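Below, each structure is written out as structure tokens.
Note that subunit A is present in both complexes that follow, paired respectively with subunit B and with subunit C.
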Partner chain A sequence: MARLADPPVSRGDVQDAGPARQPKAPLRFRLREPITGLLFVLPMLALFVVFRFVPAFGAVGMSFTDYKISGEYDFIGVDNYARLLDDPVFAVSLKATLVYAAVYVPFTVLVALGTALLLNSVVWGRGLFRGMLFMPYVTSFVFAGLIWRFVYEIDGLINGLLGRADLGPVDFLGDTSLVLPSLAAVSAWKGFGYSMLILVAGLKAIPRSYLEAALVDGANAWQRFRLVVLPLLRPALFFVLVIETIGAFQVFDTIYVMTGGGPVRASYTLVYALFDQGFRFFDFGYAATIGVVLFAIVLIVSLIQRLFLDREPT
Partner chain B sequence: MTVQTAGVRQRHRLATMSLGGLLAVICLITVTPFALMIVVALSPAGSLTLPYALPDRLTWENITEIFSAAGFTRWTINSFVYSVLSMLIILLTASMAGYAFAKMRFPGRDALMWSFLATLMVPFQAMLIPYFVLVSRLGGLNTFWGLIVPTLANSQAVFLMRQFIRDLPDELFDAARIDGASEWRVYWRIVLPLTKPILATLAVFVFLWHWNDFLWPLVVAQSRDMQTLTVGLATLRSENVPLAQLMAAAAISVVPCLVVFALVQRFIVNSIAITGLK
Partner chain C sequence: MRTTVAMALTIVAATSLVACGDSSDEGTEGGGRATLWMYPIIPDPAASEAFWAQVETDFEAANPGADVTIELQPWEGRQEKITTALASGEGFDIVPLGPDQIPQYVEQGTLAPVDDVVEPFRDEVLPNALEALSVDGTLYGVPGVHTATLPVYNMAALAQAGITEPPDTWDEIKDAAPSLAAAGIHVLNYFGNPEDTLNLTFYPFLWQNGGSVFSDDGTSVAFNEPAGVEALQFLLDLNAVGGLQPNAATDKMQLDGSAFAAGQAAIFPVTQLNQLETLGQAIGADNLVVGEPLEGKERVSYGQPGGLVLAQHAAENETAKELLAYLSSPDVMGEWAAQSGNIPTRTDVPVADEAGDAGLFTSSIDQMFWGDTHPMARQVMSVLAPHLQAALQGGKSAQQALDDAASEANALLGAT
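On to the complex of A and B.
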């Protein structure tokens, strides 16, 4: 009788413990659940093994070879990594990516936070405003790049407006110091809606009574934001920060259709370098090495996130 | 006292109105590129248009012309095949795996689930080269299966399904099993109908991911016949197609996304807030 009360997970141990008084269920019944379970997982598992696990380890493996497009390769140890350290083009791409991220992340998060706060405070037309702000998010980066090329061009929208005021023209995509901020603005336009929605959800979760209490205590709008809203919004804000940082290091599509990495490699980012090495120079081993660096960066960002979230008192 | 309250209230109203005004301006800036695109796409060839002047008449000819341009119709079909097939297969395999992970016991279940999730940490671009080598070795370059199959291993979909199914009461499944239903029947008759809301959300996201995807189609389907719409747009750009036609092509490419968005906006908004799907 005691057997019946046992939690199902420990069934195995109990059976080993001694001669069973109840007859064992036939083997095919006991195996039925594990086998059906595995069968249900099998299609996805096969996909993961072939198209996730193998390529992930393959990327690391290839970074130690001089893999050619023909499929021939030799193991060359850490030569690819040594080459990265000496490669001025790689240094340029790393710097471009960091500058891009340094512009993109604060800008996007601030816009997302600002619009989230505004959406939270307006009393009418909230759904309409939210829809308009979120609309670019459902489009593709290629689409955003094409439209914004026209906005930025010498005979494009902004210079057309500047020209009316007898200003400009400004060569947004042709100037080496303007190109990365201009590209960052395009990605921000396309992507901020997502972070905005996360932050709106975060704001909604803040109890009204906290804000009312602060109001009664005579806190002004800025104090209410800094002392009540901001601390409570921190987890959401941090999530958004990490998501956008990881996204910034993966920028490619807009650059491909807007600048091609130029002018003079001013927008030649990490993924663009990977693509170039792989599909223009067909140096697969070296391109895979750049991929491993990208993975390492994303991993570090995620680990920092974990570290900070563990410290979170909540 | 009452005067003061009235003053405070008025100031409050003024602040709210100015915040609303600011938000309206930001919204306007956000949608300006769309409006610009539509006006240019509908401008007759050779006539003066934005940013210099509004066109004196509007025409559909850019749209009809782009559809007769080499490849455009084919790219649109390719994008639909890529997005819809991927969506259907992911919905099926992810819900099956999610059901097993949520409600069945088998050795290594949790380890398997976490190993699926761990792959989220590896950015797709970092695996681009091995992906390409693998698919080209298997003979998948410039084929639909080469385009679709590698994108099906989707841990976000599996995890979402698992979380949702886990919260369904066990009694439902047990009752069906006692009545003699096979696991497959339980899945088909109970799990799928009960997970309709989450399946719909997932369908929207998977469709958008694939429709907007660029880097993978760019490298795996390079022949003009097999390009998807995003890659085709980039091709048109590099071929210096007239701006009005390029804008027409871009406008057409975004229609399915906007239709999906308009239909299920509230849905998308809620699921981002709840699940963090991206």
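On to the complex of A and C.
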């Protein structure tokens, strides 16, 4: 072990030193720590394999079959994938999912970032505000959906307010062009709390001295945010962006409770189509195929996000 | 380090034990055990809990050694839970299903016949209940209680438009719609949310006009034939003159929050007697009148005998079969019907309050149709609902909407 008083060594010194100066410990000693760590994570790993990996691989296998509830199936090759290409309902659900994600993700990330910045600047009662803002996240989707149905209804809260201003009524959940933004707003309200906490943690990790130095250099608030905070927050933002994107592609509960995929399939997302094919049409092979395609889409989108965002700040 | 490794191993072992601790075989098949999943057919939660707890106690007392579990389930997520349970062979031995749900599960080989259970009292069961719950001549559901959907009228709302007699034919409804709309009242409370069953919304109009969801041989759909198009056009015409509430295309079926309960609609489809109490509280019991099924070319409405089905994995479970017989015994069925506001499917069970609304519901049973018992009935419903929404929102004509739906549904049936 190096002592504090030891002079610093250069890379060349270490290379020159060679194995003779740092004798390797026996293998069993070197493996002891990793094995211990592995043993600690083993229960979680086992659960993860059993409940995540196995079903995921099972779903891939199932997508090549015509699996029935009774457990009988025949391998049908890529028929299910070929069917997807000609299925207009799949195309509709893919479009609805992409539109929903395009509205939901930026909206949620902006709200989460805004509230995180506000929380970070609050001096008094920060915990209270954080708890209040996080509360929707722990509310059940069904409960939230029922409340928001009331808010959006023709004779609901928003239309009541619009009516006082001689506006509306607006059929938020009945208009094919408004339903997805309306649902995205509900999901954002419900889900931004988690991302907000991640971003608050990211903001806390930014050394205060950087901001003070920028202030001394004459940077205004916007410049400090854009040139100091945002680059240093990039890892947290990347994480938030990825989990919110995955969440957007997997949206189901809000839609199930509030619109049933309507009106006219305007909110009929991929997971809703998967649910219908599996649990209503009993076409588990086709449902699994939609799941596999959804997985591929999420993977590709996440990789693209990583390509552009997951870089060290310069 | 040795201590750390030992501790890690202990945690792993303990976790494994915890994980395995509840894995003893508690299967319900055989061994005098049976599980029934019951739904809020008795809508009052406290009454439902008390009734089914009593059934469980009484059955076990009458059958020493039997161990039955009656689990009360919510309506929400019913289809997926039942499907998952049948797929895994776990969860329940008995569950109530409707006649249009049974064929799909029979086709999947997940339900067992129950002819032997019903045989001793077959003559006491309403013939149409036996027919509705059979698939290709084999009975798959022990008849439970029977629903009947009847229109209820808000007479105070009708009076505002000068109407004194409940309009109960299509012509009368068409005539009443404009004058009611002028008074700010919609003649019908219609629910177009795709999650609501079409058995309570579009299909009754289709049947009243002599139409059918499927062709006679069941190989294609028939709802886009003239009878179906006229039925949808009837609704669109009403909608055009303000005869349906503005959000009819997306409105979710509900009692408390409905336009009818708010005094804004004149006719509402009631499926259970005890719904009258809720609606009576909303608009005044004196204003509420129950009518016969609406009449187009025929006077017909939706009403079904609920079937208690036996899962295939419990086909040899004698306790489950004894429980099925017990549930359809006159005493249990009579009490079940009274508490749920439904009609007994046995002719030897007296009807409570025969002179009142209960009698009206019971006497209407011959005018009830239980829906199209096709293996793809529910799937076709899911396909049709969005196209009906499109028509109600003005995006498609009646013919176009039904043709589009038919094209999709026929592809589903493999009859393209």
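The definition used in the following text is that the second predicted complex is superposed on the first by the 246 of 314 C-alpha atoms of A that agree within 3 Å, B and C clash if a C-alpha of one lies under 4 Å from a C-alpha of the other, contacts with A are read in each partner's own complex, and residues count from 1 in each chain.
To be clear about the criterion, contacts are C-beta pairs under 8 Å (C-beta built on N, C-alpha and C of every residue); 3 or more make two chains touch, one makes a residue touch a chain.
Worth saying up front: this structure is predicted, and the values here are computed from it rather than measured.
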Using the touch definition from the top, say if A:A214 reaches subunit B (first), subunit C (second), both or neither.
-> neither
Once the shared chain is lined up, is A:F252 touching subunit B (first), subunit C (second), both, or neither of them? first
Partner touching more residues of subunit A, subunit B vs subunit C, is chain B
**Asked** A:W148 contacts which: subunit B (first), subunit C (second), both, neither?
**Response** first
- Message: Which partner chains sit in contact with A:L197 here, subunit B, subunit C, both or neither? Use first/second/both/neither.
- Response: first
Check: Where does A:R52 make contact in the superposed view: on subunit B (first), on subunit C (second), on both, or on neither?
Finding: first
- Where does A:V301 make contact in the superposed view: on subunit B (first), on subunit C (second), on both, or on neither? neither
Let me test your reading of the model: by the given contact rule, A:R265 touches which partner, first (subunit B), second (subunit C), both or neither? second
- Who does A:L227 touch here: subunit B (first), subunit C (second), both, or neither? neither
- Would you check which partner chain A:A102 touches, where first means subunit B only, second means subunit C only, and both and neither mean what they say? neither
Overlap of subunit B and subunit C contacts on subunit A, residues 33, 35-36, 40, 43, 71, 142, 149, 155, 256, 275, 278-279
Residue set of subunit A touching subunit C in the complex reads 32-33, 35-36, 39-40, 42-43, 68-72, 88-89, 142, 149, 153-155, 169, 171, 173-174, 176, 256, 259-265, 268, 275-276, 278-282
Within their complex, subunit B touches subunit A through residues 16, 19-20, 22-24, 26-27, 30-34, 36-37, 40, 50-52, 92-94, 96-97, 99-101, 104-107, 109, 112, 115-116, 119, 121-134, 137, 149-150, 152-153, 155, 158, 183, 187, 208, 211-215, 218-219, 230-231, 233-234, 237, 243, 246-247, 250, 253-254, 257-258, 260-261, 265-266, 268-269, 272-274, 276, 278
Touching subunit A in the complex, subunit C uses residues 1, 4-5, 8-9, 11-12, 15-16, 19, 76, 79-80, 83-84, 86-87, 104-105, 108-110, 192-196, 246-247, 249-250, 252, 262, 312, 378-379, 382, 385-387, 389-390, 393, 395, 408, 412
Subunit A residues touching subunit B in their complex are 8-9, 33-38, 40-41, 43-45, 47-48, 50-56, 58-59, 62, 67, 71, 114-115, 118-119, 121-125, 127, 129-136, 138-144, 146-151, 155-157, 159-161, 189, 194, 197-198, 200-201, 204, 239, 243, 246, 249-250, 252-253, 256-257, 271, 274-275, 278-279, 284, 287-288, 291-292, 294-295, 298-299, 302
